[in-house]
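So that you can tell them apart, the chains are marked A, B, C and D in the order they are listed, and the count of residues begins at 1 in each.
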């Protein structure tokens, strides 16, 4: 005899406000369904109306201080939103970038004037941030960044190329990492600066990258050709951008982990339901341990990842070192979600490979999260060096 | 200093004729490139001209006895062809069905008249076989087949539904498994018959299944509504079709394994080449053990699968029990190829998710082979029962 | 350049009192070293003096209410103690049984008189509990228990056989699960009772089981031949013992997980230190990703297990449903610890197989925890059924 | 209904003579049982009488040319012997060293006089070889060997330390790798020489290493203090010993793989039998997929490894490049055997940890083969470099 399904162990900690937030996002997903999500993807159309609705619900301002029109909450709440969307099969990656990375970096490192200028719009949904760090030849090696921001009277002239920029087509501001002085091997962390660049500025052009990944945002290669950025759009101190940047990377990992855990639960649910209804020999295939045990193991791994991710968010919001927890959560969440995907697909048999059952598209999305924004290998390097005290291996 | 790349260990056994066969197929793949393969897939177009060329090369008649216009060779050679195509990124699944399953079943179990009627066309490419066993509610349980062939004067009237039928749109004959008497639990292997059905016969209709798998064949749901099949098109004895059928399943597994090994080598090569050229920190990423070791392990597993598969083909051609080897080869080949895919993708970083690098489409193809035509789980059941003497687990 | 080693993420939550407790146990392990532990194991000698010291430190009374001479704390604290001991390489399994299972079951389900009789001695270390549930033919199937407790005037007469009883040789009381009425399939959970049996009672005999597992307790097969147990030594209601029992199983899983996490950290540390000092080609082998990455992954998995286990303990102490968390924690902790063991061993090369480096003995201990007291497979069944709502698979 | 157990796929190739050889070794294992093997291990006693019997059976001379009293067969036959012994639970490691490495190196690279001096005794069992390459600080890095053989009139004076020398206590000759000229980085493969050293020569002392591994040979640290070795005991050319040595390494890998495959089958059989007889809920646990599928997978992996290993042996005997096959076979065999071990242990439940069921001792033996004589990591490096053409990663 089966007991009622237990919700996640991590949910036992949620406050009443957090539960309300989840409920309101769940309501939204009745409108922003998986079918609508797939439609947006096929049409290469960002669901602007849903974004605006998220603005009205206060979601886009979650990480924005109250003084600038936001809710003054933290990554904990934004992660719950992302997780809830993903659990309904409709993750929005731009949440990771705009209210996640963008708003957090500006809130923590922007000047008073910058906050007043950029945060209110971000909170309402009137404006959006995208994020530009990756370059074709730099990969995860920040120190190889070659996009140069040359000091000129009143600002900077920026030239270079960025790639895999999510959602620049629907964004107003681009949080850009550029080099303001040449690489100094003795002080490798210096020389990089954070600039907020107007995505419509003269000198910016872009080409769409055909990424085969099923999501509602599009990816772009961005070319900057002598783009002028006013002095006032430098975040923090010149040449010290990497510190502000690193403050944004943990939220990014946490939000990616949220998407993975949510989508992992979504795809596991599909598999469990299918297996309970599918009969080939005697009884449902859900009663075969070759199906049930891998599903149970995936569930366990999803719960472990979720708990670590909630902890990472709480640490970040509390101003404590969140790096270890955020990295482990991202690693574990991507692994667990792919594990959930694989057994769910296998349980579906041939049907799992048809559009009707909508599974393969989930693979591409989840699989990407094992590689980006930080690869599994770089996370293992991080853990090896920072948690185990081992030497650099690359 | 690197040594020249060693070809597969299994290749050390090849005869001069077999090497020649491989070379002629390799020449064909200069015309039938991966780009052309992808074009066919996108357009839903079967590469008929390549098929005709395979006919001219003698490939389609490999398994057909010389007396009927074929080469009188065996699965060993057909498997080499499939492996060679896949190694170039252009596996043709219809080879598994038409000269594989179809020609072999007819050669071994057809009457003299049937052989004269069907084999020469198969050998030249003038006609093709497709294969229809799977039903929506039967899955891998042959005993749940419900398509009925009712005896009428001069033949059978067949009604029922089949699903996941590969290439019926370009085939002339359909090798069909139908029930000629109701399931008798005391003699479960009886009551199933093999019929060769004209794909254009009145009463046959079909709907395309949107399978998201990147291949040059299409998949169909096929509906049979009182289709007349002449008596003379029954293969073997009525009600004993399962024996003839089982003779075709080992070649199917062997050819699927060939595709996996070949495509696994293809995708691993892509990863190795990319890794050797890609530099992010110091030196190429190919020098990182996090990249190199999983690639080496995938290579080892591919070699193991290839050797077992060659052995399975040899056993089959020699009239020996090929089931254990064919099943293990299929299991190992699908696993190894997916392993090769995954590390190759990971080595590519974000690039691996773009159409330019053409990796994700390989996933769908390879992943399907872990599920179909026989799932990994059914193979493990087979090994458990037949090699280890364990009781039925399902 | 390496940063200082980060302690566990889960430790960020500890109270000052909990940190003090850990520190006092750490001090004890300077005396109760791994060398001393190994000596005890070799001599088959339980470290009684250490047990007494744990009594003086208040550890044995952690789970005993203050009214009966204990600290009135919970599984959270007891788990920290066990984890700390294991982290020093010196896990004491009897802690799982006596202050864990025994004291908790008596505290929660014993009568006032029973608590007064048994708890104070448990808290000081004057007396100990062992636990007898497993039978040779019952395995993890509680319903197949055949040890019978027949009602007689003033008590019960118990006959049967138990196996794998830890530490009966040094214990005074045995918490025994016996059948007081025959199995009734309609009410399978009824008919089992919990009795506290004097380990010296007439009719009890025992044979040592040679378990090849490196620990300081010994394992026994116990034979009960018409053993008299007074009425007053029945815990809870006759025939309803399974409820009380189930209250003890989650603490057992939590404490086992604690041992695994602690010992996993211990063995990983050994591997990290060895790898940092060992040089075969250029630089320490710790800089090879084939060594560092598996170590980092094991570390991540240990952190995930620890966090879930702390959560499980908190849920249990708070009177909430701890089953899901405790089961997942036990599963994850045993897996992670074995993973840590394996890479640590591999990093040691041939040295890892010598007594000098003391690694193989850790394998036997950790590997046992994947099988007992509840097997990995039974946990997956639990998750499948209770968290995923799937049907029974066995 | 279960079919009769199929023997290994690789066995289909065996000649009548090879089958006879297997049968005669099987007969021997009725006397040299697992119980006797364990007794030898416990007493630290090499089974000399069995060795002599192997001599009488012609096994010790398998690899010795007929001209020197041997059978003039090859590694194929010796591997079958080792596999057969291991399949009965009684692997003899000294076979790897004496008729394996020792006799092969002398046969291929010794002078006529040396062959006449050493081979006949090896073939009868009158004398034995042990092998000394590993040094405490060199690990698998041959180029760090520091044992020096200084040229003196009439021979060499050798000083240095070797470790993990198997069976020197029962051997007469030690095949020693020593440096005859300092390391020249431009010609790293030069400067090492192969000497046959009398194990009783003055200046040799040894200390037993306590290896916790269950086998009938013992391991030693060997110290050479100015040991005189006559000129005539140099094998091949001075300074070019590494070539002769490398000829011996593939046989070593093949024979180790044989032991792994055989012992893997042995331990899997134990698990299958136990699972078929063990009932906890309804029916035997062998019918649970959580038990049966991992066993089936282990069986598949053992068959794959066996086939590759047989191929490697055939290549070696045929004078072809056996490195790729031998390395892959060793890797796959150790992995498969450990996989077989683990599921067999798990199926045994708590019983698997008792001496009565004799499982844990098999772990230590099998696990060692993943590390020695060449580690899994070095094999992956070999495959990466030599089969995939990737750069050196260490």
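Assume contacts are C-beta pairs under 8 Å (C-beta built on N, C-alpha and C of every residue); 3 or more make two chains touch, one makes a residue touch a chain.
Only a predicted model underlies this, so the values are computations on that prediction, with no experimental measurement involved.
Colleague: Return the chains common to the contact lists of chain A and chain C.
Modeller: B, D
Colleague: Look at the interfaces C-D and B-D and say which one is made up of more C-beta pairs in contact.
Modeller: B-D
Colleague: Could you grab the centroid distance between chain B and chain C? Build each centroid from C-alpha atoms only and quote it in angstrom.
Modeller: Comparing mean C-alpha positions, chain C is 52 Å from chain B.
Colleague: Nearest whole angstrom, what separates the Cα centre of chain B from the Cα centre of chain D?
Modeller: 40
Colleague: Multi-chain contacts in chain D: which residues touch at least two other chains?
Modeller: Those would be 288-290, 293, 377, 380, 393-394.
Colleague: With touch defined as at the start, can you tell me which chain D residues reach chain C in the complex?
Modeller: 134, 137-141, 144, 163-164, 209-213, 278-282, 288-291, 345-346, 349-350, 352-356, 360-361, 363-364, 367-368, 370-372, 375-377, 380, 393-394
Colleague: Note which residues of chain C are touching chain B in the complex, please.
Modeller: The contact residues of chain C facing chain B are 288-290, 293.
Colleague: Name, in rising order, each residue of chain B that touches chain D in their complex.
Modeller: So the residues of chain B in touch with chain D come to 2-6, 9, 12, 268, 272, 275-276, 283-284, 286-289, 292-293, 295-297, 299-301, 303-305, 307-308, 311, 315, 320-321, 324-325, 328, 331-332, 377, 379-394.
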